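Before I ask anything, here is the structure I am working with.
Lettered A, B, C and D in written order, each chain numbered from 1.
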Amino acid sequence: MAVRVQREPFDIGAEVARLIAGRTDIGAVVTFSGLVRDVNDGRRVTAIWLEHYPGMTEEELARVEAEAQLRWPLQASLVMHRYGKLSPGETIVLVVTASAHRQAAFEAAEFLMDYLKTRAPFWKKEEMGAQGGQWVEARQSDDAAAARWDRR
Amino acid sequence: MAVRVQREPFDIGAEVARLIAGRTDIGAVVTFSGLVRDVNDGRRVTAIWLEHYPGMTEEELARVEAEAQLRWPLQASLVMHRYGKLSPGETIVLVVTASAHRQAAFEAAEFLMDYLKTRAPFWKKEEMGAQGGQWVEARQSDDAAAARWDRR
Amino acid sequence: MRVMTVKLCYFAWVRERVGKGEEVVELPEGIGSVADLVAWLRSRGPEYAAAFQRADVIRAAIDRTHVKPTAAIAGAREIAFFPPVTGG
Amino acid sequence: MRVMTVKLCYFAWVRERVGKGEEVVELPEGIGSVADLVAWLRSRGPEYAAAFQRADVIRAAIDRTHVKPTAAIAGAREIAFFPPVTGG
């Protein structure tokens, strides 16, 4: 059960290995990695700049993770998020969930991503070379994705 | 787009790194790892033996993967499954899906696992120390999980 | 009399009960479907009767593709019998 | 007159338009809610008017917890304003 916010890249294999090391009660591990794409909504992106709210970011991610643990029987979980300048192909976010059975691990990972997308205080600015930068607008589809968990 | 059936352990970090290397069009990568648990349905398990149908296994996994690619816009996918003797804590199966957006990657990974569970010709025998071995019975919940994709 | 030669494969507890993983058999005329083949196999001895006792839970594949009990076996080179799969 | 001293934080384009990331302000009496505070901020100059023009899309947090515009600010030490989040 951990939250980490950092500039540095992370190593998905090492994180999963650390999470399951010495455990023989885990049946399912789901990971989600979010990557920077070089095209977003038709715009060519040369890099993104991720601003965040130090202090609140960690607290909010911990609240989201705690909510996932209330809803699903998770044996381990991890939420990592980067900030600063990132190039296309780099990993922005990593979510890992571990449970005895696959459905809980899948659902909790989707929930963490949906909630994080609408609650964690990060803001993306896309750099588009000579055309300057542009703040990314929030997606209604992200609100809808998060709202589907309200009914439960 | 690959299927691999092997005795040897696999390295999730290396597999994901290979899948996304040099790509800048992937926005989401989901992995599912299935692990051997030391307790299954209340039975203490010291090891499992995975038998499979060489030849058909690879063909069936390739069919399941091709079906996932028909249903979702995947940029890459990987299905790896081990056979032979495995101890608690070891990874049995690894599914990786990559797409521009997270919903496709999540759904395709769940689909691959659900379909694989009911179609790939593997059979698990649990070893329970002095009490001998026992073939694992198929779960109705796995049939139900696979059936939910029929409606689409 | 026309006979059909086919390779049969058995897996998991079907294999254990039959006592072998595969065999080549010559089928008599009149065996058109997978279900017919199961009925014929059951008549071959007590080990086959034990293996195919719960015919409803046994699954089959023809030439490495899942099939139903009603599937025709004409032209098959390899027919496999096994319990419901439990991988993943 | 009773004044309330509070730290304000701005992020993303709110920060860029206001021209600073944070400041400590003394609030006059009568500012009870986040919405009241936004209205007061808009009156502080053209940069604030520009930053808070689309008040409906601006989100707020009090002491690092998301709040609605109707939330009371009494006792707050740190109030942050920012656009809808776009992480992940």
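The criterion applied here is as follows: contacts are C-beta pairs under 8 Å (C-beta built on N, C-alpha and C of every residue); 3 or more make two chains touch, one makes a residue touch a chain.
Predicted, not measured: the structure shown is a model, and the values here were computed from it.
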Contact-graph separation of chain B and chain C, given in steps at minimum: 1
Separation of mean Cα positions, chain D and chain B [Å, integer]: 49
Between chain A and chain D, centroid-to-centroid distance (C-alpha), Å: 27
Chain A-chain B separation of Cα centroids, rounded to whole Å: 23
Residues within chain C bordering two or more other chains: none
In chain B, residues with contacts to at least two other chains: 34, 113
Pairs of chains satisfying the touch condition: A-B, A-D, B-C
Residue ranges of chain C in contact with chain B within the complex: 9, 11-13, 15, 61, 64-66, 80, 82-88
Chain B - residues contacting chain A, complex: 11-14, 16-17, 20, 22-39, 88-89, 100, 102-103, 105-106, 109-110, 113, 145
In the complex with chain D, residue positions of chain A that touch it: 34, 50-53, 55-56, 59-60, 81, 92-93, 113, 116-125, 135-138, 142
